[in-house]
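Here it is: the structure, laid out below.
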Amino acid sequence: MSGRTASLATLAGIVLLLPLALQNNYYYEVAIQVGLNAIVCVGLNLLIGYAGQISLGHAGFFGLGAYGSAILTARYGWPPLAALASATAGVAVLAYLIGRPILRLRGHYLAMATLGMGIIISIVIATEDRLTGGPDGMPVPALAAFGAALSGERVWYWVVGATLLAAVWLALNLVDSPHGRALRALHGSEVGAEVTGIDSARHKVKVFVISAVYAALAGSLTAHYAGFVTPAKVTFFHSIELVTMVVFGGMASTFGAVVGAAVLTVLPQALTVFKEYEMVVFGAVMMLTMIFMPRGLVPTLALTLSGRRLPR
Amino acid sequence: MSLLRVEGLSKEFGGVHAVQQLDFAIPAGQVFSIIGPNGAGKTTLLNLLTGIYVPSSGRILLEARDLTGRAPYEYAARGIARTFQNLQVFFNMSALENVMVGRYLHERCGLPAALLRFPSLARAERACREEAESLMRFVGLGEYAQSPSDAMPYGALKRLEIARALATKPRLLLLDEPAAGLNPTETLGIDALISKLAESGVTVVLVEHNMKLVMGVADRILVLDYGKRLAEGTAEEVRRDPKVIEAYLGAGAH
Amino acid sequence: MKFRSMLAALAVLVLGAAQAQEPIRIGSFLAVTGGAAFLGDPEQKTLELYVERLNAAGGVLGRKLQLIVYDSAGDAEKARTFAKRLIEQDKVDVIVGGSTTGETMAMVPLVEAAGVPFISLAGAVVIVEPVKKWVFKTPHSDRQACERIFVDMKARGATKVALISGAGGFDKSMRAQCLQVAKNHGIEIVADEAYGTGDTDMTAQLTKIKNTPGVQAVLNVGFGQSPAIVTKNHKQLGISQPLYQSHGVASKAFIKLAGDAAEGVRLPAAALLVAETLPDSDPQKKVVLGYKREYEARFKSEISTFGGHAWDGLMLAVEAIRKAGSTDKAKVRDALESIRGFVGIDGVFNMSATDHVGLDISGLRMLEIRKGDWTLVK
Amino acid sequence: MSAQFLQFLLAGLTVGAIYALVALGFSIIYNASQVINFAQGEFVMIGGMCTVWLANAGWPLPAAIAAAVLVAAAVGLALEKLAVEPARGASVVTLIIITIGASILLRGLATIVWDKNIHPLKAFSGEAPIQLGGATLLPQSLWVLGVTVVIVLLLSWFFGRTLLGKALLATSHNRLAAQLVGINVRHVLLASFGLSAALGAVAGILVAPITFTAWDVGVMLGLKGFAAAILGGMGSGPGAVLGGLVLGIVEAMGAGYVSSAYKDAIAFVIILAVLFFLPSGLLGRRSSDRV
């Protein structure tokens, strides 16, 4: 469909042209972080935005991906790509096993259960310090592909950019397929979806696993890119940050997830000028945006641009 | 031969018997109507017949295949579709997409095919869209094809649910008070639509409060009262049944 | 020819002048907010105060100092980004910062790759062991703190020790070090309990310790409010074995929080806390007293040893730049490594190629809290 | 019953009572507005910090406490009026994000208005431990338990006997119906935020002498309170109290008998286990779809 191709082309254009505006490695660093966060958010948006199932525990999957890669390479000497693939696959299996019982819960209970799951993962990571280095984290070997180690922001920019484009492409395809319609249907009305022949439990687990894989993959990449992992990105604060990005950018909008990740990753860097008022300004920006654009940035702007009135 | 058979069906909620010991059969190709005053257990029965509620006892058989205890989506897969009195439209999707969801069962597509958008899927999607459009025209919603569903009037949403149900290609279509909340003109339209459905060969179960609608289109009528069977027969038989007159028509004839 | 040499002279003059005006950039990222804010806050204040004073006194090498501080909130990921910002965007000459070990370790690969002298303010021994070319640090290592505590315990005849520690990086690193060096000092760890960050009650853990047979002393490793809660719970349960805390609680705030329960608690800390009572012969007396007075006069709040780490970091950087006579990064690094006999807050620094802290255990004084104040254990 | 067990139980009850108060705050707002107020923990912080601030400024403790509760309630009212009400009609997740934004804002304000230090508060009636069957208990724990009991009694009277309380309950059961019988739902919403904020503040004040207070104490207490509310069944008052106590006791027992490093993990495993068998918590309303 043309809408899908157009938004993918726009994103590809941005990824291609952005380096013109990136003056030094610090800008690349921020851009790479935007990309990595965006990958998680695109996956999380499939779960929250499209299927309507909240998760406050995705930092746990992110962390398992990161630490899986870190431990397999640093402690057991695995080749990084094999570690990345195994960590991601391991998270997929875990998400499948957890997903079945957890996704029977609804609304706030689901929020609590996923929150608890994430916290349990982060406690294990912080406590098992012989394996994980504990709260101070552990170093991670660089990602090597075809005999050459990937290092330097400029190389990583293209790696992350390409991964993001692939992630967005897959997500857009999924949303616009019978599977995607099934997900959106069970968000709209679970009973309605069931009597239309959709096995809602199976679909919820499926999208839960997909979103966990997105998070784990981004986690693995982050670990190899940064060369270091700490439990800071596994805490429930980070889970909430991820959900905030998705909602901020606009639920049920893949492009919105990317924009939300971009804005909320860049914003703290921009707000350093406010010094001790940084937190106040950040909180205020979050509140005001959600009050005046309850559907999130991208859907609200899209509606405004297309000249339609906002239905409330 | 009957399409659906119900044997000794009961459902209780914490001591309240919503449905008690029902036995009936729905013949294929007919319009079968279930009527009864408010609280008679009509909607509970419908929820039982679509797997939303699990019966406390009894069996539900579709062409001798026992469906008791199965999940709603399995009922749908066996060819039972329904609409809702309290609309269950997917308001986060366009009208056309709502109907396309109904095609879910007939669009076999693996996850890799969906993620990578195989060419075969693209073709199937085009076919799906065309079929959904034609179904929307069939139920009289041709003008709404591109509308977001949350911008449609109530009467149109009722038809939208029928179109979605038809998209599953059901053998048995259960309509839960399709005329409730509609004005007389709209009711006539639904009346005509149900007749059209019946002619197309679908077996229709019509749960209604509106007696006029039922009497006009139903081949057989089951009258419920307090979850129990009060009477069953043709429109004419039911209308003359003294128990029915007393319990239902007598109380609220109109 | 003449014209050419004139041009060259002019260029030297212009460039030289520009160089003179170009400030020396000191970069920093600190946990100014977040759970470790009580570290980052005094550290930031100290850096700001002394950069201001150094500039008022004419700067360093005739150039002004410019301080660039970012708040990492104790988050290693943020610290790494800010480190990159300092190196790439702000083009700092030297970095003094990193309130916690996690932040520090996350950016070590960056400074090593970029070749920027970096003085960390965090405690764990992993920062400087093995030695990293560009990385230095000012506080005593957690291992040294463990050793100082064990020496004191041994002197009091306590060899069976119950350990209790928090879940933070500082806590876990020091716990591991203590477990490791205990044997060397003839100490046996007979209980090893833990509590979570933000926990409000540790009586359960301490009850277990109380009921562990043979315990002769209790050591708590942690910082923030948790050690004060442990101290109060220790008193509440009537545990008779003496309680030791780590250098992580070396600020007056701890005594204020723990109140009466703090009586008799011992901990290793820098001379700063007992500045006034130091004998005049003590080489550190002048330095620590000066810092204490200036800080307290300016901020109307009590000093902590954490701010002292920042003083040491800044002054070591300045000293190295003076010694190097330029801000050339390699020269500054070499100068840092060759600093000997530098009297700081944490002790007397003797850096070397194999020791990037340069402090020995003598800089850590064993203090006991008596009548709500620090006293030096003789 | 061994002394050790009793000690764990007392520790668990004290902490649990605090969780219960925070959980009650979650439940009251949830009932009135279906909003999970993630800024609930900040009311706890405001209560404690404001009391400390005023007490240090020379106010007598009771006056400082009363003022702090009022300040927190005012912040609660402002939050409802300025942030939640203008966003009415937004999705639940959007509202959650708004309250998360509010919690960041409030924490930021606290660091500016007050500071980033940790502050002690004098215990209400001394620090001399009370011996109890081989275990010890601080007088402040008795304050915590006692005030919690009083508040629970007051709340049950409020919801059972007063007009506003009944209006709150009615709104929670059916907002539209409540509106139709003439209840001003907007006032009810406002009242629920004020009441929850006051409850949170009381919790923060009670616990401050035991655990101290700082600009960020609300984060963990808010999280535990939310967990307690869910465990008990979101929206159920008795559930919130039960959830809080169970959570506190599970933590203390977990730390005492299993592993202190994993005590939080143990608590969350138990919450997950409960939710798998009782998807609406211990005392939550069993929901069934009406279709």
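In order of appearance the chains are A, B, C and D, and numbering begins at 1 in each one.
By definition in this document, contacts are C-beta pairs under 8 Å (C-beta built on N, C-alpha and C of every residue); 3 or more make two chains touch, one makes a residue touch a chain.
Just so it is clear, the model here is predicted, and its values are computed rather than measured.
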Max Cα-centre separation from chain A goes to chain B
Argmin over chains of |mean CA - global mean CA| returns A
Per the C-alpha means, the centres of chain B and chain D lie apart by a whole-Å value of 47
Here the gap between chain A and chain B, centre to centre from mean Cα coordinates and rounded to Å, is 40
Here the gap between chain C and chain D, centre to centre from mean Cα coordinates and rounded to Å, is 37
Per the C-alpha centroid definition, the whole-Å distance linking chain A and chain D comes out as 31
Listed in rising order, chain A residues that touch 2 or more other chains are 123, 127, 191, 276, 278-279
So chain D residues touching two or more other chains come to 111, 261, 264, 289, 291
Where chain C touches two or more other chains at once, the residues are 32-33, 167, 194, 196
Note: in the complex, chain A contacts chain B through residues 170, 173-174, 176-182, 184-185, 187-189, 191-200, 206, 252, 311
Given the complex, residues on chain C that touch chain D span 32-35, 37-38, 41, 167, 193-198, 200-201, 203-205, 207-208, 211, 224-225, 228-229, 232, 235-238, 253, 256-257, 259-261, 301
Listed in rising order, chain D residues that touch chain A in their complex are 30, 36, 83, 86-87, 89-94, 97-98, 100-109, 111-112, 223, 226-227, 230, 234, 261-262, 264-265, 268-269, 271-272, 275-276, 279-281, 287, 289, 291
The chain A residues in contact with chain C across the complex are 24-27, 29-30, 33, 123, 126-127, 129, 134-137, 139, 226-228, 230, 232-233, 268-269, 272, 276, 278-279
Residue positions on chain C within touch of chain A in the complex are 32-33, 70-71, 74-78, 80-81, 84-85, 87-89, 100-102, 105-106, 108-109, 124, 126, 167-169, 171-173, 176, 194, 196
